[in-house]
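Here chain A shows up in two complexes: once beside chain B, once beside chain C.
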Partner chain A sequence: MPEGTVCNKKTIDTKEQLDALLADKSGKVYYEEMKSLDVNVDMLKTALKNTLRSRLKTWLEMCAHCGLCADSCFLYLVNKRDPKQVPSYKIQSTLGALVKKVQKGEEITNEFMHYCMDTAWSKCTCCNRCGSYCPYGIDMGIMFGYLRGLLFAQGFVPWELKIGSGMHRVFRAQMDVTNEDWVETCEWMEEEQQDEWPDLKIPVDKEGADIMYTVNAREPKHYPEDIAEAAILFHIAGENWTMPSTGWEQTSLSMFAGDWGACKMQVETVYEAIDRLKPKRAMGTECGHAHRATVVEGPYWVGRKNGQPPVEYIHYVQWVAEALREGKIKIDPDKRIQEPVTYQDSCNYIRNHGMADIVREIMGYMVAPGYFVEMTPNREHNYCCGGGGGFNGMGKYRPQRNVALKCKRDQILATGCKLVVSPCHNCWDAIRDLEEEYEIGIRWSFLKPLLIKMAIIPEHLKPKDE
Partner chain B sequence: MFYNKILFATTASPTCDNAAKVAFDMAAKYEAELIVFHVLGIPSRGFSTQVQDVKTGELEEMYDENYTALVKEEIKGYYNGLSDGVDKLKIEVTAGIPYTEILRLARKEGVDLIIMGSHSTDEDVTSTRYRGTAGSTMRKVAKRARCPVAIISRPCTTCWKLFSNIVFATDFSKAADSAFQYAYKSAQAVGARLYLFHSYDLSASYAGGHAPTQGEIEAKVKEAQDKMQSKYIRKMSDYDNYEVAIWEGTPYVEILKYARDKQADLIVLAHHTREYADPEEAVMGSTVEQVVLRSPCPVTSVNHPDMVENK
Partner chain C sequence: MYELLTGPLLWLSAAICVVGLLYRIVTYIMGLHWQLDRVAYGANPGRGLKGAALSILAWLIPFGCRNWRVKPGFMLMFFGFHIGLVAVPLFLAGHAVLLKEGLGINWPAMSMGMADALTIIMLVSACFIIGRRILLPEVRIITDFKDWMVLAITVAPFLTGFMAVHEVGESYRFWLLAHIITGEIMLVAIPFTKLFHVVGFFLSRGQLGMDFGIKRGGARKNFAW
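And then the complex of A and B:
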C-alpha cells in the first residue's frame, strides 16, 4: 500500500481531511502507514533540480568534516557528545546522501526516508547556531529547513506538523480558530476590561492606524488575556492601533512542517490585511517564529522582490523598547523587578534578527540595578530553548525533546535566578515543560504582564468611581 | 431574584459535590436551565494536540471525540441521583484553561449565575506551575465573570429558597454596588434578613506604618456609616428587614466572625476591581478567597451589574 489513507503525499486542504487526521489518535495509523509509503523519485529529482540552490549545493560539497561545528550544537552537547549528533554528520547523512543517491540513481528506501525524518525533526531545531561557528558559515539549520520541505512533499512528516500545516490551510491559523471566533474573543476581552480601563478599545479592522497588531492563534484559543494585556499596554501608551479580522494569525507551523505552499497562503493573508487596512507599521506579538515567518522569510515565500513585507513590520520587543525610550510607557522605579532575573534569547529574533541590544535596553528599564543576570552563553550565542523548530509539539519525539531541555535547564540553574523573562511562545512553552519535567522551582513570564504590573497608569485612564 | 440559566462548573469529583447539590436544587426550584460544565484537560506541550487530563495527569488527545463522549457519560452518571426535577440539563466538556473556558461559556450562553466548588489550590493545575503565575480558577472566575458567582465548599443544609440570613460585606467599591443589588434582591425574593457589613481594615493602616489613633478609627467608622446610608439604605425603599454593622480588623476574619454570629445562610461580596495591576496584593481579592475557604455557608461574588439589574 504505497499511499496511505491518512499518511500520504497529499496536503490537507479541507476540514474533513483534517478531522480524519485528528481522529487517528496520536497518529497511530499514520505512522503505521508511513512504513509502507513509497518514495516518488522523479518528484524528488525535479524538486532538487528546481530548488537546490547553489549555496546549499556548495555547502554540501565544501564541508571539510573538520568537526568544528560539533560543540556549537546544543543537541550534541546534551546527548553526551554522540558523534551522530555532530551537525555536519547529521546533514551529510541525510540531505547529502539524498542528493548523491539521486545523482547516482541509487535506490531511496523507505527506511532511509524515516532516518531523514527522524533526523530533520528530532536532531535539529533549526536554531542556526552552528552556522556561526563553521569557518565556512555552513548553516545546518537552513539546510534542514530545506530538507524538511523535500520530506513533507513525500509525505514523511511528523503527524502533528501535518495537522499544523493543515490547520493553516483550512483555518489560516495554526489552531482551529475561525475569524468569527477571533473577533468574538476580541470583543469579549474589550468587554472584560471596562471596569478597570473604562475607555479601552480593541479596534478591529480600523483603516490607516499607526500599528496593525498580529498574534499567535493560541492567544484567542487558550490565553485570551494575552490579547487583553496587549490592548492595555497600547492603551497606556496612547497608541492608535488595530487588529485585522482576517490575517490576524502571524505564526507558521507550516514553516516547521516544510509545507511551503501553506507558508505562502498564511503569510499572504497577513499581507492582504496590511494592503486592506493600510497601517503605518505592522507589529507582532512576543513570538519568535512568527516574526521569522512573517517578517524574515515571508517576503520570499510570496516572491516580494525587495525581500520586505508590505510595510515596516516590527517585533514586540522593538515596540516595547521604543515605548519605554520615548516615555510612552513609564515604569514606576519601586515596582521594577527586584530579584535575580535572567532573559531567554529567542533564536528567531535575537540570533537571526539582531535584537540582542534592544532586549537588554528593555531589561535596563524593567529590572532594578544589580538584579539582571545573563545566561552563559547569551545574546547571538545563546542556545535554543530546547523546543524550537516544532520540537515542543511532537509526541513521537517527546523523549528526545525532554533530553534537549536539559541544556536550558542547566543554563538557568547556573544563573541562580528563579525568574526567567521569555518573550517567545515557543521558549515559554519549553521552559514551562522543563519546569514540569525537572522541577527546578522557577517562574517564567512574557513581557506584557510584567510591564502592566510596573507601568505608571496615567491619571486620566483610571476608573472614575470610588 | 430569579434565574433562567445556571452554569455549574465542576471538576466532576467529590470536591464539587456540595456545589452540585446546590446547583441541581436551584435549577429545579427556579425551573432554570442547568449547564454542567467540565474542563477535562489543560493544553500542554506547545501546539501539540495533547492535553493534560485534569484528573489523571496523563496526556490525552484533545480532539478525541470518543474520549469526550465517555467523559460526558461519566458526568451524567455521577450526577444521576441529583438530576430529578431538572428538566433542561446540558452537559458540556472541553479542553482548555479552566477559568478561560468557564468565562467563555458563561458569556456565550448568557448565564445568570455560575456555581462552583472552591477548587482548592493544590489540585488546581492552573494555579502554580502551569502558567507560571499564581491565582486559582475560582479567584479568576469570581473576579472576571459578568454574572454572580456562587462558591460552595461545605454542605449547604438550607435550600436556597429558604435562606433567612444574608450577609452583604462591602468595601464600598463600585463593584460592591452590584453585590449589594444582588444581596438585596435575593433577600427580598426569599424574605431573608439582610445584614449590611463593613470591616474597617486595620491591617492595612498598620501596614501603612502607623497604628491608627482611636479618633482616626472613629472617624473612619462614621464615614462608613454615612456610606452605608447613602449607598445602600436609601435604595431599599420600604424594606426594613435589615441591620448594619461596622467592625474593625482584618476584613476576612471579621466577615467570617460576623457571618457566624448571624448564622448566615449566604455571604455576598465583591472582588476589589483594581486587581489587574497586582493580583497578589489586592486586598478584597484575597478576602474573597479567604472567606470562601473558611465559610460554612455559600459565598457569592458579584462584580458587575449585567446579570443583576433586571432580575
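And then the complex of A and C:
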C-alpha cells in the first residue's frame, strides 16, 4: 500500500480530510500507514533541482567536519554529548545523504525517510543558534527547515503537524476557530470587562487605526483572557487600535510542518487585512514564531521582493517598550517585581528580530532594581526553550522533548529565580511543561498580566461609583 | 623535469586554481536567490554588506566571535594553522624568486627564520587537527576519507618544503621535487575540494551575515552573527 488513507502525500484542504485525520487518535493508523509509504523519487529530484541552490549546496559540500558546532546545540549538550546530535552529523546524515542518493540514483528507503523525519523534527528545533558558531555560518535551522519541506511533500511529517498545516488550509488558523467564532470571542471579552473597564472597546475592522493587532489562534480558543488583557493595556495606553475580522491569526504551524503552500495562504490573509484596514502599523501578540512567520519569513512566502510586510509590523515587546518609554503606560514603583526574576529570550524574536536590548529595557521598568537575573548564556546566545520548531506539540517525540527541556530547567535553576518572564507562547508552554515534568517550583508569565497588575490606572478609566 | 615542473606545469596548476575559484565565486553568487534563500539581497544592499563585513571580521580577528572566546585552544590552533598556510607560500623567498623569473615581479619576501617558525607552528597545529579528528567523538563521527585526503594535500607541500630547505635526509633534490609536485596538487585541488573555502569562507560567512543583517536580528542591532 504505497499511499495510505490518512498518511499520504496529499495536503489537507477540506474539513472532511481534516476530520478523518483527527478521528485517527494519536495518529495510530497514520504512523502505521507511513511504514509503507513510497518515496516519489522524481518529485524529489525536481524539488532539489528547483530549490537546492548555491547557499545550501555550499553548506553541504564545504562543511569542514570540524565539530565546532557541537557545543552550540543545546540538544547535543542535553543528550549527554551524543555524537549523533552534532549539528553537522544530523544534517549530513539526512539532507546530505538524501542529495547524494538522488544524485547517484541510489534507493531511498522508507527507513531512511523515517530517520530523516525523526531527525528533522526531534533533533533540531530550528533555533538558528549553531549558525553563529560555525566558521562558515552553516545554519542547521535553515537547512532542517528546508528538509522539512521536502519531507512534508513526501508525506513524511508528524501527525500533529499535518493536522496543523491542514487547519491553516481549511480555517486559516492553527486551530478550528472560524472568523465568526473569533469575532464573537472579541465581543464576549469586551462585554466581560465592562464592570471593571466601563468604556473598554475591542474595535473590529476599524479602518485607518494606528495599530492593527493580530493574535495566536489559541488565544480565542483556549485563553480568551489574553485578548482581554491586550485590550485593557491598549485602553490604558489610549491607543487607537483594531483587530481584523479575517486575517487575525498570525501563527504558522505550517512553518513547523514545512508546508510552504499553507504558509503562504496564512500570511496572505493577514496582509489582505492590512490592505483592507490600512492601519499605520501592525503588531502581533507575544508569540515568537507567529512573529517569525508573519513578519520575518512571510514576506518571502508571498513574494514581496523588499522582504517587508505591507506596513511596519512590530512585535508586542516593541510596543510595550515604546508605551513605557513614552509614559503611555506608567508603572507603580511599589508594584514592580520585587523578587529574583529571569527572562526567557525567545529565538524567534531575539536572534531573528534583534529584540534583546528592548526586552531588557522593559525589565528595567517592571523589575525593582537588583532583582533581575540573567540566564547564562543569554540574549542572542540563549538556548532554545526546548519546545521550539513544533517540538512541544508532537506526541511521537514527547520523550525527546522532555529531555530537551532539561537545558532550560538547568539554566533557570542556576539563576535561583522562582519567576520567569516569558513573552512567547512556545517558550511559555515549554516552561509550563518543564515545571510539570521536573517540579522545580517556578512560576512563569507573559508580559500582559504582569503589566496590568503594576500599571497606574488613570482616574478617568476607573469605574464610577454610582 | 625540474624545468617542466616549475615552468608550464606550475603555471597550469596556478591557472586552474584561479579560474576554478573564479568559477566558484560566480556560480555561488548567481545561485543565490532572494525568494528561495528568503533574503532580500537587492532591496537592502547597505545592511547586507554591513552584516557580511561584521560577520567575516568577527571570525578573522582573534577573540572576535563568541566561539573563539569560548574555545581559545581551538582558536590558537586555527590561526596557527592558517597564518602559516597562507603567509609562507605567498612570501617565501624561494617563491619570490620564481615570480621574479617567471613574471618579472618584485615580490616581497619574509626571512627564512620567520618562514621556518610559521611552518613549524602550522605543522604542529596540523598534529592537533589530526588528534582532534581521532580523539574527540564529536569530530570523529563526522570525519570521513575526504577530510583526511584534504588534510594530507594541505600538509604535504609544507612538510616536503621544510625537508628540502633543511636538507633532511639524503636527497635535497627528492624533497624539492616532492615539494613542487605536492604544491601543484594542492593548487589544483583547491577549487575541486573543500579547500575552495579559501573563497567559500568569505562567501558563505558573508551570506549568513547578510541574512541576519537584512532580515533577521542584525537589521536592528550590530551583532556579528
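Note that the second predicted complex is superposed on the first by the 465 of 466 C-alpha atoms of A that agree within 3 Å, B and C clash if a C-alpha of one lies under 4 Å from a C-alpha of the other, contacts with A are read in each partner's own complex, and residues count from 1 in each chain.
In this section, contacts are C-beta pairs under 8 Å (C-beta built on N, C-alpha and C of every residue); 3 or more make two chains touch, one makes a residue touch a chain.
What you see is a predicted model, and the numbers here were worked out from it, not measured in a lab.
Of the two partner chains placed by superposition, only chain C is touched by A:84; chain B is not.
Legend: residue contacts after superposition of the two complexes on their common chain; A:352 is shown touching chain C, with no touch to chain B.
In the superposition on chain A, A:65 makes contact with chain C only, not with chain B. When the shared chain is aligned, no partner comes close enough to touch A:2: not chain B, not chain C. Contacts of A:394 after superposition on the shared chain: chain B is touched, whereas chain C is not. Contacts of A:139 after superposition: chain C is touched, whereas chain B is not reached.
Shared-chain residue A:174: touches chain B; no touch with chain C.
In the overlay built on the shared chain, the residue A:300 is in contact with chain C alone; chain B does not reach it.
The residues of chain A shared by its contacts with chain B and with chain C come to none at all.
Put simply, chain A touches chain B in their complex at residues 22-23, 25-26, 160, 163-164, 174-175, 188, 191-192, 195-196, 218, 221-225, 232, 253, 387, 392-395, 398, 426, 429-430, 432-433, 435-436, 443-445, 449, 452-453, 457, 463, 465-466.
Remark: chain A residues 51, 53-55, 57-59, 61-68, 70-72, 76, 81, 83-84, 86, 88-89, 92, 128, 131-133, 135-139, 296-297, 299-300, 303, 305-308, 350-357, 380-381 touch chain C in the complex.
For chain C in complex with chain A, the touching residues are 27-40, 42-44, 55, 59, 65-67, 70-71, 74, 78, 132, 136-144, 147, 194, 196-197, 200-201, 203-205, 207-209, 211, 214-221, 223-225.
Note for the complex: chain B touches chain A at residues 43-50, 59, 61, 63-65, 96-97, 100, 103-104, 107, 129-130, 132-133, 144, 146, 172-175, 273-278, 303-304.
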